[in-house]
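What follows is one structure encoded as structure tokens, with my remarks underneath.
Chain naming follows the written order as A, B, C and D, and within any one chain the residues start at number 1.
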Amino acid sequence: MVGLNVISTPIVIVNFKTYIEGTGKKATDLARSAKKVSSETGVCFAVAPQFVDIPLIVNSVGIPVLAQHIDPFKPGSYTGHVLPEAVKEAGAVGTLINHSERRLRLADIDEALTRAREVGLATVVCTNNTTVSASAAALKPDMIAVEPPELIGTGIPVSKAKPEVVTSTVESVKKVNRDVVVLCGAGITNGEDVAAAIKLGTEGVLVASGIVKAKDPYKVMLEFAQAMIKH
Amino acid sequence: MVGLNVISTPIVIVNFKTYIEGTGKKATDLARSAKKVSSETGVCFAVAPQFVDIPLIVNSVGIPVLAQHIDPFKPGSYTGHVLPEAVKEAGAVGTLINHSERRLRLADIDEALTRAREVGLATVVCTNNTTVSASAAALKPDMIAVEPPELIGTGIPVSKAKPEVVTSTVESVKKVNRDVVVLCGAGITNGEDVAAAIKLGTEGVLVASGIVKAKDPYKVMLEFAQAMIKH
Amino acid sequence: MVGLNVISTPIVIVNFKTYIEGTGKKATDLARSAKKVSSETGVCFAVAPQFVDIPLIVNSVGIPVLAQHIDPFKPGSYTGHVLPEAVKEAGAVGTLINHSERRLRLADIDEALTRAREVGLATVVCTNNTTVSASAAALKPDMIAVEPPELIGTGIPVSKAKPEVVTSTVESVKKVNRDVVVLCGAGITNGEDVAAAIKLGTEGVLVASGIVKAKDPYKVMLEFAQAMIKH
Amino acid sequence: MVGLNVISTPIVIVNFKTYIEGTGKKATDLARSAKKVSSETGVCFAVAPQFVDIPLIVNSVGIPVLAQHIDPFKPGSYTGHVLPEAVKEAGAVGTLINHSERRLRLADIDEALTRAREVGLATVVCTNNTTVSASAAALKPDMIAVEPPELIGTGIPVSKAKPEVVTSTVESVKKVNRDVVVLCGAGITNGEDVAAAIKLGTEGVLVASGIVKAKDPYKVMLEFAQAMIKH
């Protein structure tokens, strides 16, 4: 995997979305908490802040940083878009692609993956079900994070509400391409949900509001990490 | 105008697009050259770099920085999008909206303008012809930059190839809303083009490849500034 | 107005959306009921069925038919899009543009209007608030239908819940362009709502579920027509 | 395959796009020519006209008709979109999905395929390269038509300019799902191109301008059919 030296599994990827609790100075604070938990437990944490918040976190926190999205473009006339080269030079080690809140056309996912490989960014393609996960696996991303959209932000954990989606995704992705790491997300809010995800065969979780909007994000992340270690 | 303390007219806005010559360290260098010309001539220059490049330029160069785009969203679940609050906290003083390479739906332009006003970002709405400029003026942006798309990146200056588009835009925008500053862009590459633009009634230019891809951007910007002063 | 010989005000435009009750044979039945009410009361009714249902309604019912959308294209390589010429040749007399469920980019609304005028289709631009309505008016459509999106499909009538949106839209549209006919929509379900809309200065209503999903669409349409006549 | 009683391989699918030569009355004429060739040669021809032209062709020509696109929606509030049920009731037997001029998001291709199966429409997913074709195969469409976008409309046939794309697509699609029929398209203009396509392992071609914009479409289609038979 690209960026393997800084990313390892099991992994917790924290998506800051455009939550106010994950914007600007608060984004740096959150990243610092994630870094602390990572140092204390040895579990890999990566953070996916907004584009403008990438540089400061990279430079001041020393945690693996992912972009939330890249555009499938080479350098050129694309005002208002996100160039893979720019994200890389800013210090990100990877990127989410095709999050349910930023879905891409099939051909653009393919091209975004190609561009990410060219500039050396690890890739996490988000998917919504088992079939789409198998389809995405054929495009050879580093990781696939399956997230049933109807559970995102609900606090109802995919690993408990739809365990069969997780297991069948792991199975069908591995059948297409054994090298792809499978994560799951949606509704993950505590250590138990994380333990369940790992038990179902994933190598980590993609989480947003469960951590970013928690009263004490540090405490929740610590619980996540401990659930991963125990398992 | 929002951000009036740092933005004044006549103005040169340099759009870095996703040109490799305007990415990362090179973006900072370009911004520094713009700052130098601005200091030497007193003409206002603002730069519109990629999102991830905003913070470093803000912190190290001290020139007015615009985002190339914002999304019409309030803080929330919008992975991979550009929150006005984040752009503001990163230090940008304004934003382009609806560039021809990042067109927005009408209702989203309206909402993006509302959000920009709420967080205190100056706004430059890009348009493609006289009718659309009048339509945009009704939405009360701070500035409108008319750019016939067919001339963008060609080196054929709008101010000479389509002077009637520029004059009719100035007229129709002012009729709707006198307070809106009108700029023009597309194909502007030298001082003569800039002088022509000002003569046609605009208060500045929006320029990209003419500066970013120039052999000596400093020299071109100096020529632009001098053309504005002379006029 | 283009198509003036078949469209007159006050008008009721019935949007069939992609409701199953407005698809295929049921679309023709609905159109027939609208035609009957129109003949009995003298009030103009127009229907906006799905694309594939346009020809049969045109040929068998004899009621003014609008497309729900057109694309801003000239004939060419645009697989899966809706060519104005094709809609016109199929017998439609006009088209909705920029419905809240099919929002367009500002430049594309302008171009779609230009194309509609070129082929001779009457135009109804949908808008979401007063400011956007004024902006749309500058593009010179034949009609503007203001519909606060949050009321669409709710049964809470815009003419009663947000009368100020309707009156301020009429005022601001007429200020930009007196020739534009203003309609309103969202939540209109009975004669009282229609009467309120007319009282607020509109010349008709755009309605969907209130008629299409009614138990007895004929009865509801008759009530609408009578409310318009009385007024 | 859904609609198998009317669709067989080898097949020629003629995409009318939004060419003026394939609009309205001319669309019916073209379909009639295709029908004639099909009757004379026994080779299956299907046509993909614009939405509004589907009903007349279905009713007057008696040739298998495909939509150029469907939206991934169930009946509901989707003004201006293309409901699979409506296309089916109008008499189409299938649909193109994800044409290069109407690309869809990955999750939407999956959902469009599900909806097509639910209503009984055969599906042809268009793709741009080998990797994307393998990815699409995992979604279980009836057919995949690979078309390198840079060759579409050029007259440079994919079967001769990029034979390796065709053969590797056939191989990789069949590896994922043997039941998927593979077609190719882009630049196909004469019988030789068709013969080459069949020799490379495809079971037919997707063609547009090569037929629709030909001086004598009947003659070109006859040549296509004969090339398929000979082979």
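List of remarks:
Just so we're on the same page, a contact is a pair of C-beta atoms (placed from the backbone, for glycine too) under 8 Å apart; a residue touches a chain by one contact, two chains touch by 3 or more.
Predicted, not measured: the structure shown is a model, and the values here were computed from it.
Most remote chain with respect to subunit B, judged by CA-atom centres, is D. The geometric centre of subunit A is 44 Å away from that of subunit C, both derived from CA atoms. Subunit A and subunit D, compared by their mean Cα positions, are separated by 37 Å. One finds 34 Å separating the Cα centroids of subunit C and subunit D. Multi-chain contact residues of subunit A (touching two or more other chains) are listed as 100. Shown here, the protein chains touch around one cycle, each chain meeting exactly two partners.
For subunit D in complex with subunit A, the touching residues are 98, 100, 103-110, 127-129, 131-132, 134-140, 176. Every residue of subunit C that touches subunit D in the complex is listed here, in rising order: 15, 17-20, 23-25, 48, 50-56, 68-69, 71, 73, 75-83, 85-87, 89-90, 96, 99-102, 152-153, 208-209.
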